[in-house]
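Presented below are the structures under discussion, each in the form of structure tokens.
In the two assemblies presented below, chain A is common to both, partnered first by chain B and then by chain C.
The block that comes next holds the complex of A and B.
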């Protein structure tokens, strides 16, 4: 099957489902690295990663608004929405895997790949001309996904073009979604950018621009239109040990030094699975309670993105609760594995029980 | 004393018995190492070693018998002139995150170093105090965060 561009509204829905899956797929790896830091250490690195995670949540919400605007239905509770780590990103970048791992240089290198800049304008975004017919299904298995975009930016560029093409063909009928399902800016704080309600071509373009520019920058610039540093360069600061400041070129930050203690980190089990916690006890119970809580949280988001945006307020409280549960797990050792700490498992609802 | 991990293990066993919170919960606060270091710093190797040895002996002898453990702790540690005040300080530290200066009588009799001083162990030790789950509340402004969450009942793990 030849890779085709977005030609129908159904194609667009599929792409936007994958976009939501993609935005979410970055969050468990970022949170695991964030929460693996020892308490009250690594304040600089903690802030850098925290802001990126918050903005990924913004992107997830913007993708939901886009999908709702064109008559789609978000579904965060479906089987396969949460990848089993390590996984390829759902947009089909197959040259690296992301996982849930401790904060380290290697982990940040992976984060750089996640946020890497788009190669260029034009056709090159399709690294492969072939893909499986299943690749665009919303609940696609991340391991088998065969879409081949080089970067998240390339993937979103295709969505942006698809929206423009469909809008030209269909006119405003494209934006047939119920406006009551749109999440407004009042639900977002503590990060850069803003939630855009998507109701027409202009607001769709605005939402797309926020997602792309915050991620990997725009056209090689390291700061976006709001003067905010792109995620790729935020993470790069951690490896280079120095902050970027306005006027800097990519790769050469000249701001104040960043203080990082790579050793003040719990050595959490990489890519932990439920099966790693077979031994009965408090840790086992905590891992399963965490997974269930996370699943309930995703179900709450589903509701919020389906006409109940007010549910996002208590959902923020849930996020802090999830953090509490995760840090408690991470500070405990893995039984029988000296030098390895436990790590939360992000599944979803109805995790597979380990017998 | 045994090696570092042996000392931490003994400290956790004693702490779990003294506080009524499980090892998992104690480790989950991220404060076990800082509290052990704080205790060592305040009372010195000798007193800490004696406390942990007495605790290990009491736990071994009780062999899982709660009543024997309770009696042993009271007889050998809590009512001991040297070990009792240190054990009570460890309890208070777990619950409120603060090391309190030991009583003057203790320092006159047992201090082997500069006087210890009352201090909050770290910003995290305040928010991780066992006081909060014990009373069914969050540390104000530090947990249960999120806009408007003050209006909902606290969600937390009770002991």
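The block that comes next holds the complex of A and C.
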């Protein structure tokens, strides 16, 4: 996958499409780790991961608002919107793979890579690497092939700069989207961070700030302006076994200890595919029912982001259903695979591959 | 602990105000005063490790695992600061007090009302209805010749109701709530839009709206109306002249990042799993942000001391380290003003245990609670019972009118949680299907759904007038693990109320008839709360709406506190909460007591922040 610097509104649309894909791509891995924990165990770890998932949903919605604001059309139903795991992240980071796996130290280490802080400013945010064979996205017009972002933070920094450049060039004509397509606080809120309706340069900057600060803590701070801990450091707490508190330096949390039981976890199949459940039977049906439900949920989001923000309310019910179906699947051993439990497959509505 | 403070440090700080009790009253007083620059210490008898999501979820986990899911099931048994629990209540034999539970039941009526002694008080189990009282409720004596008038009226309290609606985060629409004299200032909006009516509400409304009920010379036309609730819904952008409202999510003193809007989880009582429902910990967390509030949990106010000048000189406390051991240390706390906000039973108990029954002997008397009559039936169609928060709508049309000269008014709640309260559904349905009907698998799943989704339960909340014989006392024979006197309850249901109960049963029959529902209501003479009245038997349940043990009034002769909830006898002592209310009408008490707390905080702040005028001598 390749990306060039944002030069046109079309480039910006492509970036924001990728941003939505990126925010979503983290959710199935996080959910799988979350659901794999034995009920009532690992309460601290459960909360830490859950909070990050909820904020990824916020980022997804913010990305949709940004895309709608600049005249784009969100599309969560397109082929390839949901990656086939294991996958590289859609922003072009290729030095690690992301999968749907049980809660473990290795899984959390991967999550840390997903949320790793940006390290560079300006031109150096691109690193030159071989193009990956696991590239996920339809290629954006490739002018500078083999350029990749080191981190999600760098990717968003480029979007932020792109919006600023285009806004300077075009003026307020950049924000030509229908304001009725914006999701506002009446239909979206959660404990962490606020939804922002994007209608101008200032609100676009505000939305971008929420996305990048909550995620990776661009700028090196572990807490953001609202005193919220960046995702990278949230996950790091799980490996270090201790909460961060205000005043701490990255890497040295001094808060209360976290109670983690790495063994109280269902050994779910890593990176499960539909092909893993080829045998007809209840498990096959449950997996397909799950995948279809997840796809319907994405279709509902599609509609919500296309001028029907009120549909986010029934989407809450969808999420309960997704969790219920997933936990049912995860309780079941895989036939013929001792020590491995079934895991849900997140395919979405795009045509499914048959192996 | 929520704040980095210990008892030794607290004893060395010059607090402006000492608040006993961390429930909604105490929390509001503490937050309001701290925001005006005053230094406040809150002591809570019960535990509460910290204001965190983890602490809250430990309660949820205990509730999920509890066999008996009463409204205090989420909290550990704590002999050091015990609390009443409804399963403790037994059918009384005349003349034999029952001391099984913490509350000594002296009868003749046995009361299953409870309150909660943990950080956050009884809002840690309340349901979240946030109803204003009707203007006529404040004038029961002059309008209907019953009970007592308040020394203030609806219009005096109205601005404080708005403050309370902000603090509790009330979801409602003005158009739905302006009934029977309730008024709002022009342009007023609630912080959040009303929560949607459940499907059950809509079915009931379809068949019931417009039904006329004759109560003496009052014709009541029934309609199903959405209920104002202190749970997060869709924020109203027009609130506060267009500034909008930001809902308060989960309580946490660090990493505030959870909590949602109401998702329709049905177990609002005791705890909302996503903290959409208000609890006083939200206010306490905000009060800590001022930096001027300290909280000491597991600290029991054991004795109020009054000096020769009639002022409170200090309050003794007992502080215990563990709920499993009575070991404790003692000490005294001092402040410029003292606020008892420990609920009507505990406020009265503490004063009486301190030898302070009041110069007119009224402390502990005029105890009130709503009498609840539960009626239940099976609807002729699937109604989606068990979806939504516990109650989303009710019937307000039996609350007002001239009939109140003759018998009590009542308010009806439509319960989305089906027969849970009267029969223990759905757990009892499941047990019956498995043990008695011997079904399993798909038939069992289907059977549970079939039984539950047609359940209808209407609760009639019947008002009660103050009577001096309904009271809390103490008795040296009954003490708790810390040696503190336990509350003794003497209580009977007045005829005025029982007439309302009997009318409620008749009305329920009319309603079920209109709905084509099969009446399944039955009252077992062996159940606690069984009352025979005029040839018919009813099981009357407590409402957990304790009120009236330190009633407010215009003079020190016939009341315990003034309009600012200040003790007539001890001018630096305030008794706050529903204990001050001279009547409770047919409104759940929380919103009104929250409004009163704001009024009292305003008064105390004015007293303590206004410099006395200085006369320069000549």
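In this section, the second predicted complex is superposed on the first by the 323 of 355 C-alpha atoms of A that agree within 3 Å, B and C clash if a C-alpha of one lies under 4 Å from a C-alpha of the other, contacts with A are read in each partner's own complex, and residues count from 1 in each chain.
In this text, contacts are C-beta pairs under 8 Å (C-beta built on N, C-alpha and C of every residue); 3 or more make two chains touch, one makes a residue touch a chain.
Quantities reported herein were computed from a predicted structural model and do not represent experimental measurements.
Superposition note: with chain A as the common reference, chain B and chain C are in steric clash. Judged by the touch definition given at the top, the superposed model places A:332 against chain B, while chain C stays out of reach. Applying the stated contact rule after C-alpha superposition, one finds that A:229 touches chain C and leaves chain B untouched.
When both complexes are overlaid on chain A, the residue A:245 reaches chain C alone and has no touch with chain B. In the superposition on chain A, A:283 makes contact with chain B only, while chain C stays out of contact range. Judged by the touch definition given at the top, the superposed model places A:43 against chain C, while chain B stays out of reach.
Once the two complexes are overlaid on the shared chain, A:316 sits against chain B and chain C alike. When both complexes are overlaid on chain A, the residue A:324 reaches chain B alone and has no touch with chain C. When the shared chain is aligned, chain B and chain C each come close enough to touch A:189.
Once both structures are laid onto chain A, the chain C stretch out of 259-267, 493-501, 565-573 or 583-591 that overlaps chain B is 259-267.
Where the contact sets of chain A with chain B and with chain C meet, they give residues 40, 189, 316, 320.
Interface residues of chain A, counted against chain B in their complex, comprise 38-40, 189, 281-283, 286, 313-314, 316-317, 319-321, 324, 327-329, 331-333. Against chain C, in their complex, chain A makes its touches with residues 40, 43-44, 47, 50-51, 54-55, 184-187, 189-192, 194, 228-229, 243, 245, 255, 316, 320.
By the touch criterion stated above, chain B contacts chain A in their complex at residues 22, 24-25, 27-31, 122-124, 128, 143-149, 152, 155-156.
Contact residues of chain C toward chain A in the complex are 53-54, 57, 61, 193, 234-235, 237, 244, 246-247, 249-250, 254-261, 263.
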